Each structure stands twice: as C-alpha cells, then as structure tokens.
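As structure tokens, here come the structures.
The following pair of complexes shares a single chain, chain A, combined with chain B in the former and chain C in the latter.
Up next is the complex of A and B:
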C-alpha cells in the first residue's frame, strides 16, 4: 500500500500559466496537511479510499489518437443528436477538435484557461476557487494542486443561450493506471441563461483511470443555469468529484445528476444561496450494481432569506452494490423565509444490496419551512405479481418496476430529449443486469 | 375450460380454502357470492398463482393443462385473467407502457403479428372509450391516483385488450354508481362470445341484473356451500347469508 497524499504531491503539473501558480501552491499546502479519511471521518464514514491507494494511479494521462475508429464510434454513442448541442469532447483529459463540433456561440465564451485572453484571465481569477472550498473538501485541494488547465465557460450579461453546451469527458484505459484532473468553471453574468451538460463516459474496456473532477458554477443575479452531470463510465472507473455552486440574488439553478456505478464514485454537490430569493432544483439518480459503490453527498447552504431548494434523489441498488446518500441542508440565522424540501428514496433489488441514507437538517432561523424524508424499500411483490398476472415475465416486470422508480425524475427533465436519450440506456442496463443474474443462477 | 377438484389452500399458515370443487364450461358465466372473508378473493389469487398462497391439496385443470404447475405469467399467457379487487398502483410505469408490454407478450404467445405503436395507440383509445375512461389515463402511471371506479375500468380495459379465455372479475362492480355499473356490465357483455367464460365474484346481486349468470355459487368458510341458478342470487338478496351459515360448518 502506498501513501496517496505523498504520491499525489510528486505529480507536478506541466506547462502551466503563471497566473495559476498561486492557487496551485495553496492547493498543495492544503492537500499536504490533509490526511486520508478513515471510518471515523464523518464525511467519509461509509466510503473507503483504499482502492485509490491500492490501484497506484500514478501514470499521467496521455494524448490519444482521436481519429481512431474506436473513438469516433464512442463519440457517436455519447452524442445526443436531438439535443442539438455544441459538443466538446475530451479524451483522457485532452481536448479533441476532431471529435468535437463546436459551433461558435457569440454569447457564450468557451476557452481553456491556458488560452484565455487578458479579460478572461481576470474573470477566471475572480471566480476560480470561490465556490469550491479547498480547506473543506480535500479533493478540491488536490484539484488545485494539480491545476494546469481547465475549461472556462462565460455567459455574458443578459445573454440567453439556447443551444446547450455538451461537454463530454471520455476515458479509455492506458497501459498503466493513471490519474486525471478535470476542472470546469462556469460563470453566468447577471440575467444570463444557459444549459451545460457534463457527460462522463468510457469505452467498454476495463478502466484504469482515477478522475478527480471539480466543477464550479457561479450564477450572478437573476441568472439561470440548467446543469446536468451524467456519470456513465464503465465498471472500473474511479471518480471523485465535486460540483460547487454559488447563487446570487434570484438566480435559479437546475442541476440533475446521474450516476451509474463504478468501483468508486463519490460526488459532493454543494450549493450556496448567497443572494435573496435564489432557487435551486437539485435532482439525482444513482444506480450501482455488481459490487459497485456510489456516494452522493449534497450540501445546500441557505445563507440569505427567501431562498428555496427542492431536492429529490432516488437510487436503485442491485446485486451486492452499495450506495451512500447524505443530504445536508444548512439554514443560517439570516435565512428567514427559507423553503427547502429534500426527499431521498431507495429501492433495493437484491437482499445483498445496501444503502446508507442520511438527511441532515441544520436550522438556525425560526421562520422557515423545511421537510425531509428518506425511505428504503424492496421491490414490491404485489406489484410484481400484478404485472406477471398480465403475462409479463417476472424479469421484465422487475425491469419495469426499477425503471418506473426513477422515471418520474427522467420524465421531468427540462430537456426531454435528454430523457429520451437516457431511458433506453438505463433500461438496457436493468435488462443486462437481470439476464446476468439469471445466468448466474 | 376450468376444473377445480378438492382445492385446499393456506395463507400464512391458515387454511382459507377447504375443498373447493367447481367445473366451468366454455361460454359459461358463473357468479361466486359469499360474505366478506369467505375466501372469494383468495380463490382468485390461488388460481392466478400469487406468491404466499399455498395449495396444500387438490387439482386445477385449465384448458387441459395443470394450472398449478404454471408461473403466474404462464397462466396469463394460457388465457386466464383476474381483474383485481384491489388493483395495484405503480407510479413511474405509464399505463400505456404497461398495456403495450402485456399485449405484445400475449400476441407473441398467440403467434399474432406485433402491433406497431400507432396501431396499438388506436386500439387503446378505442378500448378507453368502451369503458368510458378518458384517454389521459393511458399516460398516467398504472392506476396511480385513480379513483376506485377508474381502477375497475382499467381492469376491464386490460381484459378487453388481452382477450382471455377465462376472466375472473373480483368485485369489479363494488363501489360503482349505477351509471358506471351499466358501463361495466355492457363491457363484460360485449366480451361474451359463446366461448369465453367468466367468473364474477360479487357481493351483491346488483350486477347480476345486467349480466345473467348460468350458475351461482355461494362460498362460505372456504367451501362452496350452495350452488344453483340465478334464482339463488335473488334468494340471497332476500334473506342474506345467514340462512346458509348453518350449512357451512
């Protein structure tokens, strides 16, 4: 077993703009002073990072041949034609112009940190690291310490960008296990509107990549952002990620998360209501199977009055997989008239599947409306029997009930085209699962 | 069509059916009546193979097959359908998807050509009309938030789409007002073709004013305590079940 903290420190970033060095230095010192979480670390109670140390993810990401037919085929698979999006494709962290279709959009600037012009650098410096707290989230510190580049998305004041931005992060295995740092900063100026889809996928081969991903969303007054983060990587991928958002006055964030299983996925979703009247819809679905592990930690900080949060997460946990959901809502003394709802429902389709769910409400204001609830249930035998009594095979009935459990969230997506893309992907996954189970029996 | 011989069944260790004998021929309509808790619904569930309903003795033959050896879905494919007394709500699965999946399965089994979505949609809309249910119910989750009467009509709709050889209708009439009752009765009557058989489980003789049964049976204490023609139903209406109780021992 190695010491991941030390190992990570030895990875110095290459060719990096000078103006990032200060942030990197702070990241290093924060990372250096952190310790690997143990069972006693509250935020990591149910999620062990042993795989990270055992896997020796020491290699660096290498640029792949983007023109290979395999990668083109993979790109076609993740493309969502009906979404009609501007698509940026990264392979093992490297931008691939061949695979991307970046129709320019005047009102939305998209550049690499390394290629930003002076004004852009100024905006990046003003916001990078303001949403993601490196002292609180150790993997943000790691991201900062590895910071050599990133993607900057800027929507200028009052611009309404209707074409979604579809950012795809593809991974394929390398000869040796490797680490990847993914960084995205979205700055929405006051009154602007846009849609950003973050989409993680991989080829079918056994993955040997550890991705550390940090996304920051900064919403100015009255800005509206529709954000998706889809994790569809294969089995052995390892992902620790954070989505950190700041919402100014009357801003609206709609953020949807989907996590298919992996060896380990841990996502921290943090939303800070920093201006009066901000609103957040935070929804998510996690579907671990086999012996996968998925952990969603969400934290909503209500720092100002009159803000609202509506959070719904659902999970279907199969085989001997494990899921962790922790939903924290923190209402600060100032945040009067807060309305916040949190619901987490889990369906266990096998008796070896496990879930640990914990809603955490911390309320320091007196005039607020907050509700929360978490449930864990098995497949309903009576419902299965009802479906079977109509001639539907039991395995198929199981698939119907599992998909039915999450359909409500999929059906309510702001972009129904995305729902149409996801539905067959998810139901195929459930079908595969049932057939594998049958074969095993 | 259906032959039940000395059927005994337990639920959670308790014997509920204690020797049922019943012969149902093609095209026949049988009514099964009896007080609450007499085992009417249990009989329906045992015949359709619900888990936890354990047959401890007896035989059931359905169209020449040993019914009890079949899984619930195989019984349905063989042409048996139970309209549930308490249909299940399944949020997230649209009624349309549910009906189409069921119809696809049964058509495949019967070696009929698959219906494309457009033809199925058309068929489903027609059937909706026949049971006087708004088309919106096709888009909603299976039985989700349906009223009692709407659930019953949805059951009827499934019968019309799946065209079983034998339909067991478990209190499909209860909780309906007189207009709805007539719609349901007309729906059932429209399915009678001289070959299809029906078992109507009911509490009241009301439904039987609209659908004339060939045979009426009274269930008591897990046994058929009396069989007769439709006049038995009228007699029950008059006297209640009390006068039969002494015979139920």
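Up next is the complex of A and C:
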C-alpha cells in the first residue's frame, strides 16, 4: 500500500499567484503532521480510505476539449431547465468558457483566484481559510497544500441577486487515475442575498478521479444564502469534501445536500453561528446503492446566543451499500436561548445494506432546547400492503414509498424548479433498483 | 435566593466518615508477586492464578482508554495497594453477632442495619467492607431454594467448576483496560447461582464500602441464572470522605440462560469530591449481561456519586426473542464528570431492547450519555427504542449525548430520541403561583423527570434514590 500522505505532498501546484503561497505552506505543514485515519479515529470510525491509498490517484488533471459533442451533451444534461441560472462549467477542474453561460451580474462578482484584482485579492485573503479549519479537517489541509486556484464569489452589501449561480464540476476519465482540487469561497456582505448551486456530475464512463473539494461560505450580518450541493456523479468517482460556513448576526443559511454515486464519498458540513440570532436550515438526502459508501458528517457550532438550527437528513440504503451519518450539535457556553433540532431517518432496502448513524449533542449552556432523533427501518409492511391491495404492483409501490420518503425534503426546496429537475432523476434511480432486484431474484 | 441555593448545593456529603480499623494491607505496587499473594491469600485453585496472570500480562500490553468525555489526572497504578482486608482474616465472623462492633457501627451510620433488614425488608445482605465479605445473611433460606449467594472467594472454594464455567465468558480478561486489571487483581465480590426453574425467594443485595485510603477496590460479580429462573439483585454503595482519589474498577457479569430473567439495580453514591472538585472516587466499571433464548436482562441504575464515572452496563442479546433493558438516572453536580450509557448488541432474531436514560447536570458537572445499538445481520425483526433526556441546571455545566447506531439488518427497527433542556421558568412559575416553594418545585420537576426510571427500581431503592436526588439537587435552580 502506498503512503498517501507523502505522495500527496510530492504533488506541487502549477503556476499560482504568490499571495496563496503562505496558505499553501501552512496547509502542507498541517497535512504533513496528520496521519491516515484508522478505525480508532473517531471521525473516521466507519469510513476507510483504503480505496484512496490503493488507487494511486496522483496523476494531474488535463484540460479537455470543451467543444467535443460528448461534453456539450453532458452539459445539456446537467443544465437545470427553468432555473434560469448563470452557469459556470468546469471540466476536470478547468474552467470551460464554451460550456458556460455568460450572463454577468453586477452585484455578484465571480472570479478565479488567479484573475482577481487587488481589492478582490484582499477580500479573498481576509476570508480564505477562516471557515475551514485545516488542523481539524485533514482534507482541508490537503486542499490548502494543493491550493493553486479557486473560485471566488462576492456579493456586495445589500444587493439581492435573484439569478442563481450554478457551478457545475464535470469529471471525465483520463488515461491514468488523477486527483482534483476544487475550491470555492463565497463571501456575502451584510444584507445581501444570493443562491449558489454546486453541482457535481460525471459522464457515464468508469471514473478514475479523486476530487478533494472545499467550499467556504462566509455570511455577513443579515445575509441570506441559499446553497445547494448536488452530488450526481457516476459510480466510481471518489469525493472527499467539506462545506464550511460562518454566519454573522441574523444571517440565514439554507443548505441542501444530495449524495448519489461514488465508491467513496465523505462530506464534512460545518456551520458556525458566530453572531446572535443566526439561523441555519440544513437538509440532506443520501442514496447509496451497489457497493457505494456515503458518509456525511455535519457539525453545527452554536457559539452565540439566540441562534437556531433545523437539520434533517434522510437516507435510503440499498444493495451492498453503506451509509454513515454523524450529526453533531455543539452549544458553547453562553450560547443561551439556542433552539436546535436534528432528525435523521434511514431506510434499509436490502439485507446487505448497512447504516451507521450517530446524532450527537454537546451542550455547555443551560437555557437551550435541543433535540435529536434517529430511526432505522425498512419500508412499512402495512403501507406496502395498502398500496398492493389497491392494485398497485409491489415494485411500483416500493418506488412510490421510497420516493415519498425523500420527497418531503425535495418538495420543501426553496427553488421548486430544482426539485422538478431532481424528482425524475431520483425516481428513475429507484425504478432501476427495483428492476435490478427483480432480475436478481 | 441564590445564596440559599448555593448552601443547598454545597450540602455536605452525609456519609463521609472513616472507620478506624487496622487493615491487612499490601504495600503499594503491582507485579506478579502481588497477584500470587492475593491468590494464595484466598487459597485459590491453580487455574485461577493462571487466569489472573494471563489477565495481568494482557493488561501490561494495553493502553489506558482516553476516548471518554472526562478528564482527570493520570492514575499511577503502582501507587495503589491491591489488597486490603479487615484484620483477623483467619477467624472471620460466622454470624452477624461476631461482626466487629466498629464495622457494625459503620453500617449503622450508613443506615444499613443488617439485622433490621433481615427482619423488616426480607433482604439478604452480603456486606462487603473493603474487599472481603464479613457477613452473609439468609444463606440458609436461599440454600433451601437451591440458590447460591456467596462471596466469589467462597464460591471458588465450594463451587469451583461452576465459577470456572462462567467466569470471563461475558467479560473476557482482555475485554478492556480496566476489566483486565480487575481480572488480575480482583479481591472479592459476589457470586449468585439460581438453579433451573427457581424464582429467587427474595431480593439479593450487596452493599459495598471503600474504606482504606489509597486502596483500589476491585470487585468481581458473577450472576448465573439457569434456565427458566428469575432473580433481582440490588447493589448500593457509599464511601467515606477522602482527599485521595480512589479507583474503583469492578466487573459484573450476568449470564441469563434460556428463559431466565435477571434484574440488576444499582444505587451508587460514592464520594463525589468536594466543592472544588478535589478528591472523589473514580468509577470505571465494566458491566455486561449475556442473554440466551427468551432471556431477559434489565439494568437499572441511579448514579449520583463518584468524581469520574465511566460505566456502560450492556446486554448481548444472543438468543432469539431475548430482551435487554437499561434504565438510568445519572446526576453530576459540583465538578463531577459522568460518561455513562449502555450497549445493546442484537444478535438473535426478534430481540428487543429499551433504553431510557435521564442525565442531570448541575454546578460544574459534566454528564454524557454514550450508547451503542447494534443490529447484526442475524437480528431479523429486532427492535430498539432509545430515549435519553438531559436536564441542565446552571450555566456552568454540560450535557452531552453520543449515541452510536449501527444497523445491518433491514427488518430491524431502531428509534432514537434525545432532548436537552432546562427547568423552564414557566414550569417553576406555575408551581410558585400555586404556593409551592421553589425548592419543592424543582424537586418535584426533577423527580417527575426521573419517574420513568424510578418506577423500575425495587421499592427499597426507589425510596433511597428519591432521597439521594433530593439531597443533591433540591433548590439548585435560581
């Protein structure tokens, strides 16, 4: 087995702006001092990184020919109709102007780190790395040590951007296994409003890419951000990522996560309430199948009083798949009058599927209301019987119930057009599963 | 108001005193000779000594666990003495009348009058003073029913095969750091055997008391309920006030064979340390039960004492249709830290488990629930329900919940709920405007909060538990 820590260090970034070098140096030293997690590492108790170590994902991403019909078709497939968004498309980490839609918006600056002007550089330097803690999350350290570029989104004070920003990260296989570093920094000035959709997808071919993605969301006072992170990659993609958010006074973050695909997917979602009265809605769905492994670790840090959190995660686990969910709510001393709720429900649809869930509460303030709940079960026999007794085929009834289980979250999306886009994708997946299962039987 | 509350919180540990009896204590330190000494002193069979040594060698290889949500200074295992028995080891009292009057005085101060309990409560008491049993009552009556209830040293003399057959089957020597230590040096404990089809005619009970300064106490309890039998076992403890931290690493093993039922209740009120967090007992206990087909194991605990508690009474539901239960009230005030919970390992079909945990944190206390519910692939139709609530009193304390839920069987159903809250102003106001004093109101609310657990306790304990909570908490809200 190769030593991933050392090998990853050997990969030096290409031409990069000088002002990023300090961050990179810190990332390297932090990554160097980390060790690969074992079963005894609490945060990685249920997730092994063997596939990463064995896979030799150390090749470099190469620029693809964006004008190829295959990529254009793929772009059309991931384009969300009626969302009417400004679309940025990256192929294997490289920005593709041909595939992106050019609409520019005044109130929202979107630039690459390497192309940022002086004031933008200043803002980036002030915020990059403030939300994602490289000493705590080793793959943030890796992202820092590979840091050569990234996307910077800046919404100016009190501006309301109605057109969503749709960032699409496409991956296609290369000759040799390779890794990819994706970095996004969103800075919302006080009183601003915006929507950002992060969308990961790949073509249907066997993937050989390891993506290490770190997104940082910095919300100023009273800012509102609607954030989606959709993982719709194919089977063999490998993704380890983190979404780290900081919320100032009265800021509101609405974050939705969807996890499909990937042999191994691990996502750390961290939200820090740093100003009084901040609110966060964090919802997610994970649907691992075949022999996939999806791991969501969420952590909500309540550092200030009067903040609220509402978190709901649901999962349907089928075939040989395994899902891991860890939902932590940490109430610091003085964070009085906090109201936080967490619910995690899981459906197991196969004898070989497994789920490991751990909702955690860590509370150091007394005047709080915190609850969490977790359930694991299979589809309700009575509900199935009810549908069957009305002439609905058993398989169809299973699809209906599975869909219903997650639709509650899809229907509540702030952008219903997104929900309309996702629904057929998800129900197709359930139908596929049911037919596969039938064939197997 | 707040001054009154402070006074109440600081109310002194009522059971804190030291009985002045010379003890036959081994010099501090742990090595093979110490284990040989303990084994020889107890006249143990050869296999037992080997068993202990095996555990000792395993222990040497192990590292102290640090994953729990507690912090304490490192323990120097060589600064402790591993054997302490009341003097006059050779002529142990044969009946209560022969018990050292000073000992009996201690028990009287604790409110455990052996003779009274004999008559009034009908409870047989195997009282352990430090590490050696000094009096066992009701032996005869139990003997007639075929029940064996004696100290584990005696059992090793009288029923070596029975002990050998079951000892270490539920908690193996290498299970964990403290279980290995216990296996190597355990000094005494209780042994219970209920024969086939027998319902134990009375509740069995042991009172433990740590008395010798700087003495680690290592009890070993083994309860075997043969097919179709039934037993209820009570364990309660208090300890005198000491400034040195004392380590307590007990092991309790329950074996419930087919259709058997074991109910194990604990009230733990060891010295929690003073208001500054100085002193107090370290309570690192391994408790586990193995349930065979249709067996039923129930743990009930009220934990109010100890400076540091790490304790996870667990059930391995091996047989089909077996049932595991865990009811717990854990209170940590002043600088107490408790990391406690349970493990329910579902192996058999249609196994069921219930977990009800109530944590109360006050002062600078830290209270953690840590539990595991695991459904193995064979646990078809298994069911778990978990409810853990925490109550916070004061803004310096902490309450934490870390439940691990692992399911590998789609037909198994797991439900987990947890909540954390404080005694609300509205609740207090409602009581106050009905003329109930604040202290009384808080006591009522806390008792109501714990009611689900208290009603699982045997009568004698329910009274003691309510009283304990009242002493520790009354008026702690302001």
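Everything below uses one rule, namely that the second predicted complex is superposed on the first by the 441 of 441 C-alpha atoms of A that agree within 3 Å, B and C clash if a C-alpha of one lies under 4 Å from a C-alpha of the other, contacts with A are read in each partner's own complex, and residues count from 1 in each chain.
One rule holds in what follows: a contact is a pair of C-beta atoms (placed from the backbone, for glycine too) under 8 Å apart; a residue touches a chain by one contact, two chains touch by 3 or more.
Keep in mind it's a predicted model, so treat the numbers as computed, not measured.
J.: If chain A is used to align the two complexes, do chain B and chain C fit next to each other or clash?
T.: fit
J.: More residues of chain A in touch with chain C or with chain B?
T.: Greater contact footprint in residues on chain A: C.
J.: Per the contact definition in the header, classify A:354: touching chain B only (first), chain C only (second), both, or neither.
T.: Only chain C; A:354 stays clear of chain B.
J.: For A:394, decide between first (touching chain B), second (touching chain C), both and neither.
T.: first
J.: Let me test your reading of the model: by the given contact rule, A:373 touches which partner, first (chain B), second (chain C), both or neither?
T.: The answer is second: A:373 touches chain C but not chain B.
J.: Going by the contact rule set out at the top, does A:405 touch chain B (first), chain C (second), both, or neither?
T.: first
J.: Determine, under the contact definition given at the top, whether A:423 touches first (chain B), second (chain C), both, or neither.
T.: neither
J.: Kindly classify A:42 by the partners it touches after superposition: chain B alone (first), chain C alone (second), both, or neither?
T.: Second partner only, chain C.
J.: Using the superposition on chain A described above, determine whether A:125 touches chain B (first), chain C (second), both, or neither.
T.: Once the two structures are laid over each other on A, A:125 reaches no partner at all.
J.: Check the superposed model and tell me the shortest C-alpha distance between chain B and chain C, rounded to whole Å.
T.: Chain B and chain C, overlaid via chain A, are at closest 14 Å apart by C-alpha.
J.: Enumerate the contact residues on chain A facing chain C in the complex.
T.: 42, 333-334, 336, 346, 348-378
J.: Quick check on the complex: what are the chain C residues that touch chain A?
T.: Residues of chain C touching chain A: 67, 375, 377, 390, 392-422.
J.: Where on chain B does chain A make contact in their complex?
T.: Residues 48-52, 71-73, 75-77, 81-82, 84, 87-88, 90-94, 97-98, 101-102, 105-106, 109, 141, 158, 162 of chain B touch chain A in their complex.
J.: Which of the residues in chain A end up touching chain B in this complex?
T.: Residues of chain A touching chain B: 380-383, 385-394, 396-397, 400-401, 403-408.
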